[in-house]
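Note that the chains take the letters A, B, C, D, E and F in the order they are written out, and that residue 1 is the start of every chain.
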């Protein structure tokens, strides 16, 4: 009977552990939405301009900054990382060099983002003299995310079964055609998943951008050289400096908004991914 | 390239302050950076202390949750929880930090009669931060175990707990270890949330409720105003973080290489 | 010439044991009896009214087209179906007279008495030794010497000892597919079962490894009652003493046992026309 | 679900080949009957020479049967069919051999006059033997297991006439001993032909039912 | 690498069973020879009754052979061995049948006196026929393909003696016609026995070499 | 009775075509000729001095124990070995007289002439239609109508049209294993090859799907020269017209062709004793 008793006890213990996690999860999500959802969806907050010292500021420029930054970062990092990934997985001969590259990339990937922030500030903001600007933030974020993006893309390219390549080659396709027609399309879901994670990371990123893109702006940034204030950084700023009288409202609302944004992006990316894959699957050789 | 850059930037600090980097005295001088003292031992200690705290709380919880959602809970509940965990992973760290600040710190303050800032708060926040990483990756490791293993064990007359303990956990050991190490990486590198609750004192913490700083929180705090050797000292901290990161990577590599052999 | 004849006579006389006795082996009594067994997955009825007797110390093969319920049937015999949510079983399965579906029946004991080997070799990711020692350990055997003995004996019974005795402490995953499958059999033997169920044990193996496993089964049948599910009719023909042919009459209906009998008979002269059509490849 | 088209086609082919052989054998039987009736030595000679055709069938059927056994791993009815086809072809060949024997015996009967009794009875035997072979082939063609009994019954008639030759005729006839011996032997050969027919019937029964005849 | 232990054991078993059958057949032949020599009616009767034993062998070997074909999908030498064992068993059975025929013929010879010439020549034929069967069985046992030729040569002697019975004896003997017929037929039966031996030799050749004899 | 006989005669006469002619088919000339072919992976010599003639419009099977170099041999025939780093080939392989290893030989064209089907069904993760259209598109076919025609025809040749015509635009991955393998064959047929190489095409399929693919091969051999590598001797026996038996004499030595001949002959009466030992399962 002993094993059976142990079995029963263990089951209870695991239910408890699971319960705690669910509790934490529910608590946080409910708290975020409970506190901030009304503020977040308030048009004045959503579409208003921020106030430095007064109550009642909005966050529109921050939202725009976030989206702008995300777009810019992806525009920089996606092509580079994809190119590198294709090179590494399809063309480069396995050897010391590729392994060294991979090791560096892996190390970079696990470097705390604040170090990138430091680096970005020194290089882009001061050395290049771009000042706090979207472009500096975007480059920093791009470098920050490049390793993840590249490795996840490479992984998904690698996980495309070799049999696809063989099949394509044996039908008389060239290597480049094979990559374009078969390998990339079938790696798309993996690449997209990596991209989605990256987007989430950019939206939520604060450490790397507060001293590169900027902390606070009143106007909606338009040019890449403008100073910007992505939402996550702004929240941090608002609560550490506590200069705004209703900073709690701003932070709560901002948190809810951020969460919504993350959810939205996830959802959209999934949609796009599915659509793209379907198109690719049905699409012809020239697609 | 980035390594080189960081290394070069930290040279001034290393050369000029060779002996003081490993002390606890951190008294930067903003106007004349060269005159300040830049001992980072306190922050190193803070980093390790908070990380360990986070791990002790977060890892068992994460692994337990992973087992729960993959093997114990009915499929529907398990699925819902794991989707929730993914969501938790997507919550920006500032928000978690904000919660730590507004809910946790006052609670701790009330219980212990201190300010509430400090290692304990930071550990709890970190535990929450790494929970999704550990839980999701461990769950993945458990899920990717061939179902035949479980069947084999059950077919030999093992109870569910015996199966989990003697077969599934050992089989997923490497995946779980990797999950834990990655969670640890996240804990070490975490900046904002920790900075918000750790108290940012320039002292070594000997108890759970003392204020202290971690290396990352110190960088973010001082980054805006640093120049010269001061900034270089921040870079030196970055370098230490980098080395830690590389060690972790090597660790993960070793673990997973093992796996490939077997 | 007469000399030659003498030699031939002598030669044949040597074969003292009568051929007659060997070929007509006496019918062994049943070890397990399925009585009116039906099972469903949720609303889907997979098997209906199965009546079957599994003869003692013989190999019984279950053959039939894909999806007819062979695996489901097999898994009823050691209640591995209990794990599958929504799976319901009615009717009786008697093991040495006792109904294993009785509420009070000890499932853990049942699964040690009725061992199982799966389609894909599935050794635990442990050493060879630990794989075999797993079952005895579960049962509480702690003594090192005793464990060693059980491991060695089980591996010998599984015709694997010679091949692995040098790598007992090496990972089981490093063995070849065929060796892994024999290891899984050894692992089952270590818990001293009386019946062994095998669900397509060779379908993931190449022909050479398959041959090895088949040879092993032929050796084991002296001491164990075995039930083997196989897709491969030639395999059923080669290894089994008795064969049950299961099929579904019409799409969506439950599987039923169309014919059960001596393998010799089934493969030379089946009684049911559907069996004949199936084994000669004349379906559809 | 399964098809095994190729194999079953080849099996049908083999089946037809045996029917062709049966046809040829029946033709030989008829020709032997006619040759005996008309005491036609030329016809007898051509029967002896034509035996190669029958032997050719056996070689082909054996080769093809072995090939199918080796390549297709047949079971149940398919296996029985192949084995039995090979066996029936052997029976037919031996039936045809007996025609050759009769033809050879006829050579030695040259110059003797055959009494009407002999002619009649021998022709009767021929008729029955042919009837039995035709019935056997028919049983094979129709896969009829029940014909075996009827064939056995028909064989009784052949046996009866044979016994008449063997007991009544050889005691009472005043023919030359040599002629008597030939005639008796011819009867005996025909009796063998009928026996082969009966064997075929039994083999058909086995092929269809899978039960060996007692 | 491969083993197929079980199958090859069963195949050996079948091989031995055929050797046992061959043994039994040779015994029957010897007993028939003795019975004929001693005009021993009781022995003849027991030979007729004992035929069931031989038939039992055929049934068992056939069943076992079909079983192995159905279950083991044999190829090449294994396949040829099984098919040929089944065939040889049939040849042996028919050789034994001829012994039964001789025994039956003896019943009708009761009361006649056999001339020494007949006795001698018939015993000579018996000796040769038995020699041929022994040689054939030996060829099977030793898997010797070359014996076939020697058997054919030995068969010539049998044929020669048979022809003597058929041409010289039946023309010149003054025995009663009935006796002549029996004696000639007995010779003929022995000739058939020898033929079956020759067939076995050819089948052994096929079994070993895979080439059908011409 | 005579009436019956008449019917039998008539029945057999209907089969006008002579049996004789069919069984002894005239030897077809070689489509591909391997001349002194050797190949190595780095330092390891996998094949040595292979001489072989692949007969035109027949199925040639390559059998042999695991690791003897069957797959390597096959991949020499359309230079799929070029992809493997460190792989070197010497000797000649002539396709219709031209040596495909000539420096100037167009590999792309070669691979369209000598198509290949792999062990595991590997359709592209596209629709059924796109899988088949892939090859023609590569070759520059743009016209929709023409593509449709090629797709339909190829699927029909692969005996798959009836099963998939309703799901042409559904994902190929949703097909069953056997259907996927026939789709792969259709995909090859769409580029109008002359020779088709198949590397254990059924080893991942269940017996029923295997049967289907075998039937398909039997149909295709009227128009294509095929070479099939198989582990499964019974399969080689069933489907092929000619068989090559490859083996390694001693561990570490290169593989060689021990015997090549008509399948009938190999399986009833092989010339080489090693072949006989292998096919009757008497090795080791």
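Heads up, the rule we're going with is that a residue touches a chain if its C-beta (ideal position, glycine included) is under 8 Å from a C-beta of that chain, and two chains touch if they have at least 3 such contacts.
From a predicted model like this one, the values you see are computed outputs, not experimental measurements.
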Minimum number of chain-to-chain contact steps, chain C to chain E: 1
Inter-copy rotation, chain C to chain F, in degrees (Cα atoms; steps of 5): 180
Two chains joined by the most C-beta pairs in contact, as defined above: A-B
Interface sides of chain D and chain E: same vs different residues, half threshold: same
Rounded Å distance between chain B and chain E, as computed from the means of their C-alpha atoms: 93
Averaged-CA centre spacing for the pair chain D and chain B, given as whole angstrom: 95
Chain B and chain C: spacing of chain centres that average the CA atoms, whole Å: 51
Touching two or more other chains - residues of chain A: 3-4
Shared-contact residues (touching 2 or more other chains) in chain B: 158-159, 162
Multi-partner residues of chain C (each touching 2 or more other chains): 65, 108, 138, 207-208, 211, 233-234, 237, 267-268, 281
Contacting residues of chain C [partner chain E, same complex]: 1, 4-5, 8-9, 11-12, 15, 19-20, 22-23, 207-208, 211-212, 214-215, 218, 234, 237-238, 263-264, 267-268
Contacting residues of chain A [partner chain F, same complex]: 93, 161, 163-164, 166-174, 177, 181-182, 185-186, 280-285
Touching residues (chain side chain B, partner chain C) in the complex: 74-75, 146, 148-149, 151-159, 162, 166-167, 170-171, 262
Chain E partner contacts - residues on chain F that touch it in the complex: 65, 233-234, 237, 267-270, 276, 278-284
Chain E contact footprint on chain D (complex, rising order): 59, 62-63, 66, 69-70, 73-76, 79-80, 83, 86-87, 108, 166-167, 170-171, 173, 177-178, 180-181, 184-185, 188, 212
